[in-house]
Amino acid sequence: MIVQLQENILANDLQTICEHIQSIDYQTSRVKTQRGDYIVAIGKKEFDIRKIGGLNGVKDIHRVSDTYKLVSKKWKVDSTYIDLGDGVTIGNELTIIAGPCSIEGEEQVRKTIDHLRQHNVRIMRGGVFKPRTSPYSFQGMGLDGLKMWSQIARENNIKIISEILAVDQIEKMHEYVDIFQVGARNSQNFTLLHELGKVDKPVMLKRGISGTLDELLHSAEYIFSNGNERLILCERGIRTFEKAYRNTLDLNAVPILKEKSHLPVIVDPSHGIGVRRFVKDMALAGLAAGANGVIIEIHEQPQKAISDAQQTIDFRNSTVLIEQLHKMHALLKSF
Amino acid sequence: MIVQLQENILANDLQTICEHIQSIDYQTSRVKTQRGDYIVAIGKKEFDIRKIGGLNGVKDIHRVSDTYKLVSKKWKVDSTYIDLGDGVTIGNELTIIAGPCSIEGEEQVRKTIDHLRQHNVRIMRGGVFKPRTSPYSFQGMGLDGLKMWSQIARENNIKIISEILAVDQIEKMHEYVDIFQVGARNSQNFTLLHELGKVDKPVMLKRGISGTLDELLHSAEYIFSNGNERLILCERGIRTFEKAYRNTLDLNAVPILKEKSHLPVIVDPSHGIGVRRFVKDMALAGLAAGANGVIIEIHEQPQKAISDAQQTIDFRNSTVLIEQLHKMHALLKSF
Amino acid sequence: MIVQLQENILANDLQTICEHIQSIDYQTSRVKTQRGDYIVAIGKKEFDIRKIGGLNGVKDIHRVSDTYKLVSKKWKVDSTYIDLGDGVTIGNELTIIAGPCSIEGEEQVRKTIDHLRQHNVRIMRGGVFKPRTSPYSFQGMGLDGLKMWSQIARENNIKIISEILAVDQIEKMHEYVDIFQVGARNSQNFTLLHELGKVDKPVMLKRGISGTLDELLHSAEYIFSNGNERLILCERGIRTFEKAYRNTLDLNAVPILKEKSHLPVIVDPSHGIGVRRFVKDMALAGLAAGANGVIIEIHEQPQKAISDAQQTIDFRNSTVLIEQLHKMHALLKSF
Amino acid sequence: MIVQLQENILANDLQTICEHIQSIDYQTSRVKTQRGDYIVAIGKKEFDIRKIGGLNGVKDIHRVSDTYKLVSKKWKVDSTYIDLGDGVTIGNELTIIAGPCSIEGEEQVRKTIDHLRQHNVRIMRGGVFKPRTSPYSFQGMGLDGLKMWSQIARENNIKIISEILAVDQIEKMHEYVDIFQVGARNSQNFTLLHELGKVDKPVMLKRGISGTLDELLHSAEYIFSNGNERLILCERGIRTFEKAYRNTLDLNAVPILKEKSHLPVIVDPSHGIGVRRFVKDMALAGLAAGANGVIIEIHEQPQKAISDAQQTIDFRNSTVLIEQLHKMHALLKSF
């Protein structure tokens, strides 16, 4: 059950509500986010929600049978839009996020931003802290790279998203990123999720390497229930037996997540197939399946990129893809 | 290596060619299909193919480094079109195949065909021999159902595709079907594949329940190398850990199969997600990923269908989907 | 529900029983096997089984809530033993089955049999019809190989098990094999299973390449319900994402199959890991998990075997393994 | 390449060694652990290692073709033993670790320790920080629980292992645990692994939920290369399609990890099958596959345990299992 509280609720009223809920053996959690003030109540008994709905200080009350609550569409039927400022939003229009696997240097950043601006892409991706299987691989440019990148992006009115690996990076990165990205390997790093709930920047949460959709939604609930409701879900491929490509992009996930949750869903075709010449097909398929947008890896010269770049497309192909995505989006809107 | 022979090759010339190939320790298989006469040669040595290419009776010669040969695009660069007669082809236009899970009776067949004709869908699917996990489940109407269905379909200029489960059904079904379908459970039933190579009707081969793309192509090679080159590949979802839907539709398979093989690729979104309200999204995504068409389960009243029908959509949704597929196809052609 | 009928039941009594069962909307199947005469009844209503239990001609009656019935332990609590004659049984003692991947010739057969006799192994495996992913691979020695092998085996009092790929091989192989093996690729070849139900030789059914345990039990039910109750289940590894070995031997399957079914369970460590130097460990682990025995691939010189032989151990290692299996079996019996 | 340095190497000698290695385009990492001082060098060129082996200050030099280096058996052929003090070691004798899923209170701790002492089990497991899919589930007793548990354990000469979820818990837990456990969900939490490299307590690293063995070894390399070589690997089941049990215990992993790495390998049958009545079979199978020991969940009254306890066995079954494990271990040692 989710009880949405009125703004500036009186302490007395709050106490009465909590006592009512606890009297039916429900455990309560108070959740204050950027947008609302809630009590999430977990329990098993059947009861008449109107009794609580009628109490002073209650704005709204909903039963939610899912074990995740605040991210469920059973509670919030309207889709969530995320406003990044400067006219950039996610969830109510086609979102294209593009950029390199790793931030490599100023020249690369400038060239990428030029390309994005040329195609009116407003959000740039890039890694500065890279989660690498081997401790001996390039681990990213780190905070200095992020500062450099962020400055150029802001001068050009471009928003940036970058992966965070650890709790102590929250404070360091906070000033410079517009969206925190939680990668597949940290999809159930509950400590990190918990702390990202206290942040006033949006978070894009990738599905685990073989995470279920149910786990993804519960991980999102970790962030939301700690106070941050500006969340984006991302399907990036799962691990299967097939060896003809890197991951199995699970587009079934798209309509299912859209039905279960009010959060926007982004598809990552670059990691989702891991072979650059097929990224375009899978990006279009992702939109057709109902995604709110895509995140793709681009580089002026993919073969020369520092990070393993089997999945990165060059600017020429990026240009073609962006144009096709807009046409596809227009068609889908007409359906 | 594939050596395409000239029509009416002289026995002497053939012998010379084979001796040449065997002299370099290649094993030869003669393959005669509806469309050509080939020698497939398997071996490891490097050699100058021009020596064989210049022999009498050789029309063409190709190296094929894949372990499947005749279904490889390395040999036959042009896409294969399959002509079913009466203006119905697969591979060069949008293919929509629709129909019920199981054929249930004359009324159902007539209603379905009326629906298909109304939307200019030319190929109807339907099961008469059903592969069922339990021996106690409904096993299909059998040959009598097929005969009834086939007659009505022909009267209405509709082609039919139906699943075959056993070698002894080939002869029985042959007169009545336009395309034989090999289901996921028989994807590596090599005896059945072998015998379908001798048939002069097209075969649609579904990927195994957890079959690799490599296995699918080798299974297709079984049929082709026994003489039948009118083949269609079908992606129908693979088995993964995810429980939020029935199968994981693997749309990565589409661009990869299209690159590796010259055969048409059809997507089955009905089994590929197994939840009827998401079939439309996945059908559109399948087209967007580059498929030549889709096969979908439809029924006037899905909830009343004899077979388990979680994946079957009703006629109203079928109407919407078919229209959207045509618009999507038109857009993709413009890219 | 399973109704076991008395021997020589009168036609009248049988009719009465069936009418009673059908009157409560249960569908009935008559099953006659080597060992019994049954009616399997499938339906949903609750009812008092004593009413049927008291009818003339009824020997026994059991509710079975599983969707498989005759292979369920809910019906038959005692483990099934399979008597192959000449003092060879499966299910009540340690079963070791050993032999080459493919039968290659008389010398190989004789050497293998000498090795088996030396270690008192009574059942030999070997393939004469090989299911091969590629149509161009060696397909086995066929029936002639089987006849040769069978003759030598009988002279030496050795039982043989060999894989069957197609219905028309049943008649051909019947005289020569002691156990029919159904391979992983045919685990849901329902036509083949159906026909093997009519055979009076035991059948060992391998789990599908990514078959569930539930599917394996239903496939066994296909054979049993067609009249053959002398069945053996075999765990041979499933397909997963891991690439460090061929298949993932699923030993969890062993205690679960033993709990769900009364049929003997054999583990195939050779295919289950696919790396010869680890076969011994996995064979021992299979026994420790509760299997009734193991089937292993052995060859005098594995590297020279015709078939791909990564999983085949040589005679020296086979000798060590057999001895260790006996010691392990003795220990486990003492628990 | 791994260069083991002599103790108290001179700065000059070290510089010469590094320059030599870098001159052939190898990247160097200095690694100082509890037991040694190394340079790990990564590069591609072929070269004569004797040139470096002969330099002053070099104790030993090894080529290691694996991409993990320090955990590889190619470098360190002898198995690693971990000495926990008070006569408790891991790697050279049978290791049994047992205890509850969650630490619940003093009485539970005392009863468990009594049980362990009775059976001479020296290491107790227990969770105080629980990684839970849902933010609303019980998250463990936390640090206070750990302190209480630790004190009782020390009074009874029992070592304890407990899961760590976050970097900031290292300092808090350090005084109280004898082994840090990294759970499946943090198996690629590289920040945590990195920091655990700086700790002077052993770490048991669980395989990821669908982690490959290669990833597990690289994660161990993260810890080792940051200075902590007292590592234990743990197989705890992987995620597959099978629904008849919780995870698929992958015992193939055992002989493979033992071959690839010098680190001890522990099997977790409790999570590996997730059904308490089969834990015994899988524990025995784990030993038979070659594991150095097992970690099992026990509770006086599993059904009353706070945490989900499908996999927890009671003391009576624990008693039987421990005795059988010792007998199995004795038999395996005799092989």
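Annotations for the structure displayed:
Per-chain residue numbering starts at 1, and chain names A, B, C and D are given in the order in which the chains are listed.
Here, a residue touches a chain if its C-beta (ideal position, glycine included) is under 8 Å from a C-beta of that chain, and two chains touch if they have at least 3 such contacts.
Every value quoted in this text rests on a predicted model; they were computed, and no experiment measured them.
A count of contacting C-beta pairs for A-C and for A-D identifies A-D as the more extensively joined pair.
Averaging C-alpha coordinates per chain and comparing to chain C, the farthest chain turns out to be A.
Centre-to-centre separation of chain C and chain D, using mean CA positions: 39 Å. With centres defined as mean CA coordinates, chain C is found 50 Å away from chain A.
Per-chain CA centroids place chain A at a distance of 33 Å from chain D. Chain contacts: chain B has residues 210, 214, 239-241, 243 touching two or more partner chains. Taken pairwise by the contact criterion, the protein chains are fully connected, each one touching every other. Those residues of chain B lying in contact with chain C across their complex are 27, 29, 40, 42, 67-69, 131-136, 165-168, 185-186, 188-192, 194, 208-211, 214-215, 218, 221-222, 225-226, 239. Listed in rising order, the residues of chain B touching chain D in the complex are 210, 239-241, 243. Put simply, chain A touches chain B in their complex at residues 210, 212-214, 238, 240-245, 248-256, 259, 272-273, 275, 277-278, 281-282, 284-290, 324, 327-328, 331-332, 334-335.
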